[in-house]
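First the structure, then my questions, so here it is.
So that you can tell them apart, the chains are marked A, B and C in the order they are listed, and the count of residues begins at 1 in each.
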Amino acid sequence: MEAKPFFSRPGGKIFVIWLLMTIIGVVIGLYAPKHLMPQMVSIEGHRAVLTVVVFTVLAAPVAALVWAVGTYSLLAWRRGAPETPPEDGPPIRGNGPLTIVWLIVTSFLCIVLLVWGLAELSADTAPHSNALQVDVTGQQWLWTFGYPGTGVQSRTLVLPVNRPVQFNVTSEDVTHGFWSLSLGVQIDANPDVVTTLLATPNKLGSFVVRCSQICGIYHAFMYAPGKVVTTTQFAQWLQSQGASAAKADLAARVTP
Amino acid sequence: MVDVTARTDEPELDPGSPPKLVGFIITAVVAVAVAVVLAVLFWLQGYSSPSGTEVARSVGTATVNGVTLPHVTLSFQTYPDASGSVNGVAIHPGGNPSWPAYGMTNEFQVPAHALVTVTVKQYDSGGTLNNPWFATVRGTVGGVATVNGKSVQSIDPNDVAHTFTVRGTPGTDPGFFLNVPLLAVGGNNQSDNGPYNTIVFSFVSGSKGIYAWNCEYPCGTMVAGFGGTMGAYGYMSGFIHVV
Amino acid sequence: MGRDNEVTTDTAPGRLEDTALGPQAGGLYRRQNLITGLLCGVVLAVLGWLLSHALVQGSHWGTDMVVTVTMVCWVLGFNAGMGTFNAPIRWALGHDQSDEDLLYAAGVGQGAKRYWKFCTDHKVVGTQYLVLVLILFFVGGGLALLIRTQLITPHSSFLSPQTYNTLVTVHGTTMIVATIIMVTGPFTNFVVPIMIGAKDMAFPRLNAASFWIVVSAVPCLLAVFFLGGVNAGWTTYAPLSVQDPPAMDTFALTILVFVTSVTIAGVNIIVTVFTMRAKGMTLGRLPIFTWGSVLGTGLGLYAMPAFFLAMLLMITDRATGTSFFVAAQGGTGWLYENVFWIMGHPEVYVILIPPVAAMLEVASTFARKPLFGYAVVLGAFVAIDGLSILVWAHHMFTTGYAPDLSGPFMLTTELISIPTGLVFLCIIGTLWRGSIWTRLPMYFVYLFLWNFIIGGVTGIYLSDVPADEAFHNSMFVTAHFHYTLLGGAMIAAAAAWCYWFPKVSGRMLNERIGKIAFWLIAVGIQITYIGMFWEGFQGMPRRVAYYDPIFLRANQMATGGSYILFLGWLVLLYCIIHSWRNGAQAPANPWGGKGLEWKVPTPVPLENFLVEPVVTSDPYGYGEPETNGKPEPTEAPHEPELVPAMVDEVPAGGGEL
């Protein structure tokens, strides 16, 4: 029995379509998230971008497979749109081996995603000793940030670079969402509870804190400007907000 | 193979006949769509700004930190009863009687990069802020406000009736921030035409755009005192248009 | 396997719908219709308002108790006026409805008027649901247009912030209500009893009741606009919703009423499928759409009561001073969030499974092949049902509630992608080497394949906790669920509407207009929701009336796309109405389908079959040697075919499971 050349069989043609679509998907994955998402200023933020890139690249071949078969079905097996139904196709009711292979491959992909996610999660939540404490208070419709030990309370969030920060977040009234995409943080501010979150800014720059949980009429205005500055600038800023020089230096000190 | 011509016998005008059923569909869809549009329009007009925009009045120029800026004045009041009227003019047309409200409007207009001097007449009683940070005057010229003639940097957080808290909206001058606590009228004799405290302060307006202000004292009802008047646009919240 | 399903004819004399009924048949039903329903509802609501107003001291017109009582009176009054309560009241009085009354209730002798009344014929109820769903979609879609119009510029003065928040809330809830019933309302009711060889649903009066109950909920939802608005989004998180104006009470009541209707309908569907199948219709021969309806509504029976509970506790917190959700008094908003999402996640599968199952029927018919992997699809649906119960906290990854549970919920959420993937395998397996007949319903199948992959993959991003911290409550989430619910479920539903339209209406859809609608919708979806993904990537939060100017381009793209999309749906609506009036007469089986619904004539007679059919195979016998790939007759047979003598071997009730 003479075997047809690979690329003239349905499988071969589908492979070509699949390959093209996968390449497009991978290129989109490598380019779009980094280009569209804002500049990241923390380790967690960079990790989030990496996750989006990796997941897009991994998803591309899977999506391409479904789309390639769909596309090929329209190219090769299409019978047009006559008034009466066309001739029946072959009575294929299933394919046991194919189903099992599909099940195994998708389960494997699922495990890969899960392991990635768990690893990232444990990295994001690993406790840091001597993290800078920042109290975040949300209320309708403003954020205020407190730096315990310095007596400073401000509506802008200023952080020293390369120092882990622990945010202690709460609300005065309803549930708000403390969220900064560039800083790679999001956690709800709940009334009468303090929730905590860690981040380590690692790049100088500015970021915006936006409220992500709808909280009433001015939800859209509930945002605060933020900056990642050098340690010296951070100490100076604390003093300008009323902290004593000693307390400012204490707060700014990098973990030895 | 198979005969697909239309049936030669016309179906009797039986219960499921198309024209009458389609009438049902069209009528129902149009009626409901019209009803919803009307409801939304009713709603829309009811919640636009109640009384137009208060435009700041020009009073010449002033010098701040060595820079000469245009100088304008603005005034508004805070009343305990939105359904009341002052000199025959309704404070908040259709207003809810148990709700405090800013008057006579909640929309203001000031020029950009100008010195704005604001005079507030505060007629309402008050209580304790839920965040004492707002009892401090921030963002004004000199960091002070004049309360009944006396210059202060903050007031007692247990004696606040309302605050005038302004910030830039997203993309508009994020650094701009103004907070002035408004002293409460003591006792229980507050009324729209009763005793009041006078608070005067000045600030330098930012660049062109829209700035949102709201009160940060929980003078409303329900959860945390931020429901009722606090949660209804046009009573304890509004916009400053910087042009 | 072997012979096709057999049925009988409608031209035999003595049609049931021609039965002459006595002048008193139907009793009170004779005088009840939508007008009496509205009148009774309004009158009772006014009475309730007056009474509660008088009893609640110092009440202003809008206090929570008054609103709640008024709306409850509206619902009860409307349904009493429609005749929903006639049957149980007569039974309780010992004067049960007679056969003549039941025939009247089924619409005999009333012509088109029966569509405005309490009518128990499942086909009438199905058509009524179809109209309701169309209305809900256009109302909800109109609200969406208002929302997108506000977002054309970063700070538009088109809407005040409160109006915008309310629009967002009502748009969301209208769409959720509409998508839950968009296939199970019209098509499970109309088609499934015929598909399984039954005369009607198991509980026809409950069927009509479920429809009119959900109709009575709609004014409660629209009343939100008149009572101060709801600021909290369709998820109405406490404590914000406890703080909201009295409109929140009528909102909560809408949900209570809606869940009642859905529960009734779900019970009806499940009992029908398990007890009313014709001889030979074993569970293994059931069309996949029947299974999809059962599994979708069955999941709803588990999930929707949680919504009911959350809203009930919300009403008591607001109107009677309990503190389930108010932290200052000992409650917690987290309780609300958990109960809500225990409903909220299974609910998206309640929305998704029936349309996808319907779409599988379409794929099979238009590829002229059996459904690939029937047992696999069934197993996948069951697995999705089961797993969806275990994933709810992935909506709460960023709430700060139980951070230790992030890992386990991430696991269960990512596991759902496995059965979903199997469903995709079966779709492409059905297309494989098929005879692809590219009529209008098939267009929607391909669009589903495109859209749902995008929606599903972006859901996987959100299931990863750190990525969720980046995107939760941003427009990325909005784009994800619109791709899955609109691009996936609604498109699958559109395939179902186009597929069964000839059976329901007796006309063929005008495919030229339909294709214009299709392309507008297809292009509109991509532009709108890719624009929204862009907004999300940039960091725009959801439910905001004003935004940072850096999001301007993305918003312009999404708004422009939304206009195209709405236009597409309008053209589809026009196509449906135009075809219903002027379309070519549809033969009984225009698609050469093999299910029982294609064996009955169009229009379908009352009680569907003159003689109960005997089923000898499943409806996927395309290309099988026994039928020799012979095309199905497009007309129902005019002579009753002989029933085979082997009928004795098949016990009544459907045979083996």
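Keep this in mind: a contact is a pair of C-beta atoms (placed from the backbone, for glycine too) under 8 Å apart; a residue touches a chain by one contact, two chains touch by 3 or more.
Here the structure is a predicted model, which is why all the values come from computation and not from measurement.
Highest C-beta contact pair count among chain pairs: A-C. Among the remaining chains, B is positioned farthest from chain C, on the basis of C-alpha centroids.
Taking the mean of the C-alpha atoms as each chain's centre, chain A and chain B sit 35 Å apart. Chain A and chain C have CA centres that are 32 Å apart. Chain centres here are Cα means. That of chain B falls 39 Å from that of chain C.
Residue numbers of chain A whose C-beta contacts span two or more other chains: 84, 173-174, 191, 208, 210, 216-218, 220-221.
Shared interface positions of chain C, defined as residues touching 2 or more other chains, are 160-162, 231, 239-240, 243, 328, 546-548, 631, 634. Under the contact definition stated at the top, the residues of chain B that touch 2 or more other chains are 1-2, 4, 169-170, 223-224, 226, 231-233, 237. Residues 83-84, 137, 139-142, 144, 153, 155-156, 172-174, 191, 208, 210, 216-218, 220-221, 223, 225 of chain A are the ones touching chain B in the complex.
Chain C makes touch with chain B in their complex at residues 17, 60, 107, 110-112, 114-116, 123, 127, 131, 134-135, 138-139, 142-143, 146, 154-155, 159-163, 166-167, 222, 225-226, 228-229, 231, 239-240, 242-245, 318, 326, 328, 505-507, 546-550, 573, 577, 580-581, 584-585, 587, 603, 631, 633-635. Partner chain A is touched in their complex by these residues of chain C: 160-162, 165, 231-233, 237-240, 243, 327-328, 332-334, 365, 367-376, 398-400, 403, 406-407, 410-411, 414-415, 417-418, 421-422, 424-425, 428-429, 431-439, 446, 449-450, 453-454, 457, 460-461, 463-470, 472-474, 511, 534, 537-539, 541-548, 591-592, 620-625, 629, 631-632, 634. The residues of chain A lying in touch with chain C in their complex are 10, 32-33, 36-38, 44-45, 47-48, 51-52, 55, 59, 62-63, 66-67, 69-70, 73-74, 77-82, 84-95, 98-99, 102-103, 106-107, 110, 113-114, 116-118, 120-121, 124-125, 169, 173-175, 177, 179, 181-182, 184-188, 190-193, 195-197, 208, 210-221.
Of all residues in chain B, those touching chain A in their complex are 1-2, 4, 130-131, 133, 165, 167, 169-170, 174-175, 177, 212, 214, 216, 218, 223-226, 230-233, 237.
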